[in-house]
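In the two assemblies presented below, chain A is common to both, partnered first by chain B and then by chain C.
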Partner chain A sequence: MLEFSGALNEFPLFLQGAWASILYAVGCLTLGFLLAVMICMARISTVRIASLSARVYINVIRATPLLVVLLIVFNILPFVGVELSPEASALLSLTVCTAGYQAEILRGGFAGVSQGQIEAGRITGMSEWQIFRHIKLPQAFRLTLPALINETTIMIKGTSLISTVGILELTRVAQNVGNSNFRPLEALLIAAALYWLMTTAMTIAGDALIHRYAREKQS
Partner chain B sequence: MSFDPAIITDNLPQIVDGLRLTILLWLAGTITGMALGFMLALLQTSRLGPVRFLVRIYQSIFRGTPFLVQIFLLYYGGPMIGLLLNAETAGVLGLALYSAAYFTEIFRAGFGAVSVGQAEAGRICGLSEFQILCHIQLPQMMVTITPALVGMFIVMSKETAILSVMTVPEITAVLSGIGSATFTYVETLLTLVLCYWVLVGATTWIGSRVERHMQRHLLPENGKTA
Partner chain C sequence: MTNRESAIEIRGLKKSFGKFPVLDDIDLDIPRSAVTCIIGPSGSGKSTLLRCMAFLTDFEAGSILIEGQPLGFVGEGAARRACTNKEINAARERVGFVFQQFNLWPHLTVLENVAMPLRLVNKLSKSEAAGKARKALAKVGLADHVSKYPTFLSGGQQQRVGIARALAQDPHIILFDEPTSALDPELVGEVLQVMRDLAADGMTMVVVTHEMGFASQVADQVVFTDKGVIAAKGSPAEIFGNPDNPRVRSFLANYFERNTIRSRPAGRDVPAAAGQLGWGMPLVEGSGRA
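Now for the complex of A and B:
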């Protein structure tokens, strides 16, 4: 009933697709994290307008499906004169999306850093930047690590949506192979297995990191 | 950049139909998923190792692969093994199977939050397993898991957008269709964002009411101090 040989002949294509998916995921998560830190700083700042705009950004992005963000970036940006390549547009969509979620995650983390440590930093003569870089950020990151890892797996899966705007990644490869040999089931199953490997590896690596941090804290 | 609201008002019946279909598929899929997730969570409390293992495999597969790939498998792969579904049915089934994996985890955490001693006390008092579930475990776990359940409903409301890819005429398909036919992306897509924003906002609001209802025994009564 299932006939994998046709799809497996194209296995190198699947691996290339998976590699592209990984690159998009790593790219959007890294850029998204940097953007999220900035949005989060704005969100918790005492400057009204900054905190309000960050709040609006987070609420709107978290209420908008990634697919709709893709539609907006691909159709409205060229309309207002911003010309980006499809690849850059896809990366931008994924980034603005995950940044909204990561900002909200990090907000909880920054709130968990005790005020006493920040004051201690100030007394020992650290600049605000040093306090941020060496006291606030590392702790906020560790405190929110489980949620951030969850977001990572969500985005690995989320990259499949950029196939709908013509980016060649794992889902697109599976569709192409399935269409050309008229066996979409097998091609999609191979893609699903590869996605499963990626997300599962990520979860295992994440758990290991969480445990290492937990041990470091104890010792 | 021009903004022509007429494009929305002219196509209002179509848009309302799309929104109605989105809500219908979302609720049908997510409520079915919640029921399925609850049953899987019950199975996970089983003493049989293989049963628990199978539930874990189910969760791992449906949480570890993209929703888009899952509905492609159902809709394009299904016919190859004799599973012929129309797009809406495949959509509801896909939403249910996907969300069930997450709901299982939420209910499992809920069962874990109610102390084992209480279930044992119920058993000693002669309550049946079903009575223990309905009168001891469920009322208490609902208090702790309501926020997570509401969160899952919100996640699923946004996943319905993906059904537009397989020709389901829900709100994303309708509005982006109008947008590409008339080159009015700004009007249509902003309306689309607004639709989801209202949907998520309403769910959050209803969720917080439900949450308060579940916790009413923990709150001081009607302004009286406890």
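Now for the complex of A and C:
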């Protein structure tokens, strides 16, 4: 029989762990988005070296498991003289991973903004940065929002991997509690329920945003 | 050297796409407070010529002065260099552009489409920009549609937003690139009416158009382009009345042929079966076509 009372006595620990997971997810997704925009710009630029570097970056990141990236950053960077705290290593690994995926997602969105709209910006005297910030980026974001929301749910769950480098987030809390009261299954089920809550809340918020943007368009 | 009467002065303009010359040594003056219509067959270079006047397309040789301000390139021969962005914008400031495909920004409301450049470029405050945008939108008859998104408007309304966006920045010159070509026939009139109003206000306008009726009624100068050169130029009476240029003649003959309505003589109906099959296009008696 399942026996939850032991694990539930530690529920505040689970909430602290979930909160840490949320912080890492929000942090890596935000930093990752900014990095992704830059990588994406490089990827679609006509400067060959920029475009090529971005391609290599995206390819390498997409071919490497997040866990491997994490272990490389955590174990190998110190050998080349880069000392990062476990927290910084974790955030860095999550960020470089999601940035590669988000860059590739955004690329399709930028391709969806017509040249005519950009010319309309130029003729009114807008600078290239203003055109990017006020015409291209908002539309690329809207066009790729479903895929970006999917990426956020993947990364919320992806934060569980940083438990391997000793970060006390939800998965690590569940393991600790389960080990100490010899009821690992119950602890993990509680963690699973909390992950479900987080991703579902994210999906609902995302759907609300999609719904709001849909009012701009006649179907 | 600058002709004080000219809003735009084009000298020796050359542009080619690969080996194919699109504009071949064009000289043209656009008079102030007048309407210049550019007509001509497809591929004759008329849209490219207009886009050069806003430097949306660059060119290989020649010069364009917007009210005396060089656009795109300065200097001649070896001293010729591309204008800086600042110089380009200094010349563009005087020019508004209306696109065939409207090119509104779909993620912004009608009001924001007009107000955003005023805020970002003309540095007006949010409320000043909104006020000015409302005024421009009222001028094109869209005061009641300011909070809608562009896709909820008809093509004619969208094009009027495009005109309001150009107008709001107080340009001295507005360039129109086939402004009614993407519209359903019954929506053309409302756009042309706004353009007539602007012409009556004394706006300097250059209009690339297939609307010969509009050109003949509103233009002060009609320019006919063919194969990258200005084949004919004159008043509407000179161009449409009795042109001596054979290319203009055949272009207009073809145009009027397509736009003349003739009734089909009675008793010459296409057989029902042919009509049902869809290949029975009724022939017009005396249409002049074999």
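Assume the second predicted complex is superposed on the first by the 217 of 219 C-alpha atoms of A that agree within 3 Å, B and C clash if a C-alpha of one lies under 4 Å from a C-alpha of the other, contacts with A are read in each partner's own complex, and residues count from 1 in each chain.
The rule is simple: a residue touches a chain if its C-beta (ideal position, glycine included) is under 8 Å from a C-beta of that chain, and two chains touch if they have at least 3 such contacts.
Here the structure is a predicted model, which means the values were calculated and not measured.
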**Report entry** chain C versus chain B on the shared chain A, clash or fit after superposition
**Finding:** fit
Report task. Could you let me know whether more residues of chain A are touched by chain B or by chain C? Result -> B
Query raised in the report: Is A:V73 touching the first partner chain B, the second partner chain C, both, or neither of them?
Result: neither
**Report entry** Which superposed partner A:K217 touches (first chain B, second chain C, both, neither)
**Finding:** second
Requested in this report: Identify the partner contact of A:E119: answer first if only chain B is touched, second if only chain C is, both if each is, neither if none is.
Outcome: second
Query raised in the report: Mind checking the angle chain B, chain A, chain C on Cα centres after superposing, to the nearest 10 degrees?
Result: 100
**Report entry** First (chain B), second (chain C), both or neither touched by A:L148
**Finding:** neither
Query raised in the report: After lining up the shared chain so the two structures overlap, which partner does A:Q130 touch, if you call chain B first and chain C second: first, second, both or neither?
Result: second
Report summary line: For chain B relative to chain C post-fit, closest CA-CA distance rounded to the angstrom comes to 25
**Report entry** Residues of chain A that lie at the interface with chain B and also at the interface with chain C
**Finding:** none
Report task. Quick one: which bits of chain C touch chain A in the complex? Just the residue numbers, please. Result -> 54, 56, 85, 89, 92-93, 95-97, 99, 101, 103-107, 116-117, 120-122, 149, 151-152, 165, 169
Query - Residues of chain A defined as touching chain C within the complex - result: 114, 116-117, 119-127, 130, 134-135, 138-139, 142, 213, 215-218
Query raised in the report: Can you name the residues of chain A that touch chain B in the complex?
Result: 1, 59-60, 62-68, 71-72, 75-76, 79-80, 153, 157-161, 163-164, 171, 174-175, 178, 183-185, 188-189, 191-192, 195-196, 199-200, 203
Query - Residue ranges of chain B touching chain A (in the complex, touch as defined) - result: 1, 60-61, 63-70, 72-73, 76-78, 80-81, 158-162, 164-165, 172, 176, 179-180, 185-186, 189, 192-193, 196-197, 199-201
